[in-house]
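So, here come the structures, one by one.
What follows is a pair of complexes built around chain A, which joins chain B in one and chain C in the other.
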Partner chain A sequence: MNITEYFELLFTDYTLRTITLGTAVLGAICGMLGSFAVLRKQSLLGDAISHAALPGIAIAFLITGTKDSNILLLGALISGLVGTFWIRGMITKTHLKSDTALGLVLSLFFGFGMLLLTFIQKQPNANQAGLDKYLFGQAATLVESDVRLMVIVTGIALFIMLLFWKEFKLLLFDADYTKTLGFNTKLIDVLITFFIVLAIVLGLQTVGVVLMSAMLLAPAAAARQWTNNLGTMVFLAAIFGAFSGVVGTAVSASQNNLSTGPVIVLIAAVFVLFSFIFSPGRGLLFREIRFRQNRRDLHLKKTLQFMYGIAKTHENSSHPHAIRILNNFHGFTKGTLRKLEEKEWIEISGQQWSLTSEGFTEARDLYNQQKKDE
Partner chain B sequence: MEQKIAIKVDDLTVAYNYKPVLWDIDLMVPEGVLMAIVGPNGAGKSTLIKAILGIIKPIAGSVTIYDKPYNKQRKLVAYVPQKGSVDWDFPTTAVDVVMMGTYGKLGWIKRPGQKEKKAALEALEKVGMLAFKNRQISQLSGGQQQRVFLARALVQNAAIYFMDEPFQGVDATTEIAIINILKELRKAGKTVVVVHHDLQTVPEYFDWVTFLNVKKIATGPVKEIFNDDNLTKTYGINYKVAVNK
Partner chain C sequence: MNSPQIEIQLIAVVVAIACAIPGVFLVLRKMALISDAISHSILPGIVIGFFITQDLNSPLLILLAAITGVITVVLVEWIQKTGLVKEDTAIGLVFPALFSIGVILIAKNANDVHLDVDAVLLGELAFAPFDRLLLFGNDVGPKSLWVMGTILISTIVLLLLFFKELKVSTFDSGLSAALGISPVIMHYGLMSVSSVTVVGAFDAVGAILVVALMIAPAATAYLLTSDLKKMLWLAITFGSIAALGGYWVAHWLDASISGSISTVLGVIFLFVYLFAPRKGLISVLYRQKQQRTEVSLITFLLHLNNHSEERERHINHLQEHINWQKIRSKTVLDLALKNNMVTVTNNVVSLTKKGDEFTNLALEYIITNKDEKIEHMKDDFFLFRG
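For the complex of A and B:
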């Protein structure tokens, strides 16, 4: 199946449609909430939470013995929240820095989860196979009820976000100040964190424990490059996330052996890379172009200014002078001379140059402006 | 006429991990003064402000604003944090940051509207930043960022202003602009408390001063207590400062 066939099938094939819709909604909610995580400098929190969710899945299976994804995800949610509170507790109650706390919880919970998984696999219970799909995700296992849950949670998250938009923004920018204004910062904080945990847990089945944090961060990091407005950033991140989900599913469905989670993450990474290079305001490419342009302008102005200094001493400002008296030190190159001529600031005849009246005015204004700046 | 007490601090003690940062601070700030808090690094100047504002939880002590507990008087108090305490690369504009000053009065959920926007623009004009209202905040200079913070506090239209090193890292023009605004606030009967580092300018800028080094060394009118004796007690070395009397 190639990509075009895939998109034709999308409208007729029930399974494909379910999976595509699921990954799109997942991408959108992750992008949305990921923006908050990125702006709070809690990028790694997502990684710790997703790893912390693993033992919850295993324990939920051990207790209930079912493979119902809703129950397993409930377990994931609980252990993800426990992990989050441990991290917070460690940061506030001990001298440990947040990166240490995150690393500790991540490896501790993940290790425990892996231990439980291997234990489950050795059990003589035919039902066990398939739990390890939560490690790397398996979008193909998404069914309609999973997607419905995703849509409902995304809707609630969107509603809460719009309702508390002002409070979220304030807390993200300046937490101390938020407190002095009389807002309960703990409540806002818990709300944001709870929804981040929820988004992560929703994505475990599709993208898996290991790659989940990329789903959260990549769309947000890409979106930040294109805008200086929080609302636009959140919106763009949701779009990028949804798009990564759809394209990732399409690519993996049309190439038989590619699993969906990693492909989605890679597509999201392409967004990031593209944004880092090509975004007009913050991108590397345009920054380099601007830098070179400024340098060229500076060269030009330097030469013009030097010429002005010479021309000023003559009664006739268009009196010709030898090109030889200009040198590199004054920013002079053949190129700058040609540019100056193109702008009709100077005239060149043979080995001589002379300022035109426009060139003279331009140089004088430049000089005055510089003096004013000082 | 008996002066009203704007801020009263009783037995305030703050500790980070057993080490006291502030020890048993008693403080009374009369209404309408422009007060500097001075002291060496680590003396607890910022901590004092933060503890008064409830950002840091003290181990002991109480704070009253106009004879009522601080919690009930929040709307009378505005805060200008240190410029370095936030990430200026946050995706927002100058006017948006100033508008945050209106959020406290708005309360939960309610969105700022035209009235709040107008107040924000007026505050930006007061600090001479109106031309930069739609500028992304990371593209402002340090002095301009400080002015935006000041405008955000002005929008709160409070009775008492706490400022944490508003002159840190700003050029002379901005410093003069800021101090003029502070003096205007005092003229309007507001009380202003400023964590300040430059001892040379204390007599020129302020009329009230508190010396702090974990304990409160002295507090009172600059004319009476800003002297070498108190400076030496606070800074621990024989401090000679050129006080022009």
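For the complex of A and C:
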């Protein structure tokens, strides 16, 4: 199956449509809530929480004995929240730093989850097959009810986000100010964290524990490069996320042996790379171009300034001088000389240059900021 | 105990010690999550190495994978340097991308590769003794024991050789640069050792347990001491205890060894986190409560000092004046009485000579902005703490 066939099938094939819709919705909610995680410098929270969710899944299975994905996700949500608040407790109450706290929760919870999973596997009522799909994620196992759950959660998250938009934004950029205004910062904080954890848990089934953090981060990091406006960023991140979901599913469906999760993550990574390089405001390419332009401009002005310094000492400011006395120490190159001539700031005859009256005024006012602003 | 059991425990302890040493420095340098990133991003290196060598324990594969680990660090630092995203975001972007490449490489060649992601990520210590190293036709022991043993010995040698340099560059990179010890070289040296350790250990214990073995013993030790040497010893001890304890828990539950080693590490950490003297949660909470009461006491004494009129010093009036709850006022008053700071006659509180002296000294420190001296003063004056 190639890509065009995939898009033809998309409208007729039930499974394909469900999976595509699921990954798109997942990408959108992750991008949306991921923006907050990235801006709150909690980027790696996603990594820690997705690992910390594993024991919750195992315990939920041990208690209920069912594989109903909603119950397992509830377990994941609870253990993810326990992990989050333990991380916070460690950072505020002890001298352990956030990286250590994140790493501890990540590895210890995950290890405990593995212990439980292997313990379950040895149990006689072996209907546990499929629990390990949460490890690496299998988009192919998405069914309509999963997608419906995702859509509902996305709707609620969107509603809450719009309702508390002002508070979220304020807390994000100036927590102390928010507190002095009388907002209950703790409550807002818990609310954002809760939704971030919820998004992570929802994604586990599709992209798995390891890659979940990239799902959360990549669209937001890409969107950040294009705008300085929170609303635009959240919107763009949701679009990027949904788009990587759809394209990732399409690519993995059109090839054999390609699991969806890693492909989605790689597509999202391509978005990030593209944004890093080509975004007009912050991107590396335009930054380099601006850098070079500024340097060339500076060279030009340096040469002009040097010429002015010489011409100033003569009564006749357009008295010709030898080109030889210029050197590249003063920003001189053949190119700059030609540029200066094009601007009619100097005149060149043979091996001699002379400043025009225009060039003289320009050089005199070069560092006169007041004149410039007029 | 039979011989594979002894060998498994031996491998577990060697891995634990080999991880604990670089782990201490990672935790102190606030780079604990780099170990997580490396442990995932070595996957493509392992896969490519495996295509070439067809052997999970070959030195070439370990070298290739370790290089991938160092590349991860370089990439993270490069992204950070562009200033486009924060450091933690850079880590979070790099390793899932590299890991995905590894997963796809495995999937595309699934037919001719005896390697799967589960094995890399989770590892299985129980199988380690079956992979023997044959030397001149003699069986000299499990391969991974030799691999990890070599890594451990090199780590220890490097640690002993560069202990001073590592210490200086970890705690004060400015001083270290001034002394002519390049912090950059130390940084990349540590990163290379960590990468090699992670790669060597993943086969035996899995990528996630490597992270647990690196961070948890070091973090536990950090809660108990502020001395680098003691911290190293404690981390090694905790790692080894967890390795042995974890093995027997797994034996008893018939479950994954690496999972139960992390669980034991978790239990040890939780215990120390709660009960560590001075830095543990309970001790921190107790100290905070104590300090709150003592600050209240000083406020109370200052209030008494300010008012000579009896009406202001009446025991019931105080409660409404300083706006405290009933229990709080009682705690503070009791503390003041126990320490002989005040006397109560006819329900009127007045400062004793000692209380007066204390208050005036405290006032002087507050006025001259030397608040920190009050803490020492408490030791001189207080018989009972809050």
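Rule of thumb we're sticking to: the second predicted complex is superposed on the first by the 356 of 374 C-alpha atoms of A that agree within 3 Å, B and C clash if a C-alpha of one lies under 4 Å from a C-alpha of the other, contacts with A are read in each partner's own complex, and residues count from 1 in each chain.
Everything below uses one rule, namely that a contact is a pair of C-beta atoms (placed from the backbone, for glycine too) under 8 Å apart; a residue touches a chain by one contact, two chains touch by 3 or more.
Keep in mind it's a predicted model, so treat the numbers as computed, not measured.
J.: Could you classify chain B and chain C on chain A, in the superposed arrangement, as clash or fit?
T.: clash
J.: With both complexes superposed on chain A, which partner does A:108 reach: first (chain B), second (chain C), both or neither?
T.: A:108: touches chain C, not chain B.
J.: If you stack the two complexes on chain A, which partner ends up touching A:176: first (chain B), second (chain C), both, or neither?
T.: first
J.: Under the stated touch criterion, which partner chain does A:95 make contact with: chain B (first), chain C (second), both, or neither?
T.: Once the two structures are laid over each other on A, A:95 reaches both partners.
J.: Go through the superposed model and pick first if A:230 touches only chain B, second if only chain C, both, or neither.
T.: A:230 contacts chain B only, not chain C.
J.: Pick one for A:122: touches chain B only (first), chain C only (second), both, or neither.
T.: In the superposition, A:122 contacts chain C only.
J.: May I ask you to decide whether A:41 touches chain B, chain C, both, or neither, giving the answer as first, second, both or neither?
T.: The answer is both, since A:41 touches chain B and chain C.
J.: Looking at the overlay, what does A:210 touch: chain B (first), chain C (second), both, or neither?
T.: The answer is second: A:210 touches chain C but not chain B.
J.: Mind telling me which of the two, chain B or chain C, contacts the most residues of chain A?
T.: C
J.: Which residues form the common part of the chain A surface touched by chain B and by chain C?
T.: After superposing on chain A, chain A residues 41, 95, 224 contact both chain B and chain C.
J.: Spell out the residues on chain C that touch chain A in their complex, using ranges where they run on.
T.: 27, 30-33, 35-36, 40, 79, 82, 84-86, 88-89, 91-93, 96-97, 99-101, 103-104, 107-108, 110, 117-118, 121-122, 208-209, 211-212, 214-216, 218-219, 222-223, 250, 253-256, 258-263, 265-266, 269, 273, 279-281, 284-285
J.: Within their complex, state which residues of chain B touch chain A.
T.: Result: residues 17, 50, 53-55, 74-75, 77-79, 81, 85-87, 90-93, 97, 100, 103-104, 106, 108-112, 136 of chain B touch chain A.
J.: Contact residues on chain A for chain B in the complex?
T.: It comes out as residues 39, 41, 95, 163-167, 169-170, 172-174, 176-177, 179-183, 224, 227-230, 232-233.
J.: Which residues of chain A touch chain C in the complex?
T.: Going by the criterion above, the answer is residues 38, 41-44, 46-47, 51, 89-90, 93-97, 99-100, 102-104, 106-119, 122, 132, 135-136, 210-211, 213-214, 216-218, 221, 224-225, 257-259, 261-263, 265-266, 269, 272, 276, 282, 284.
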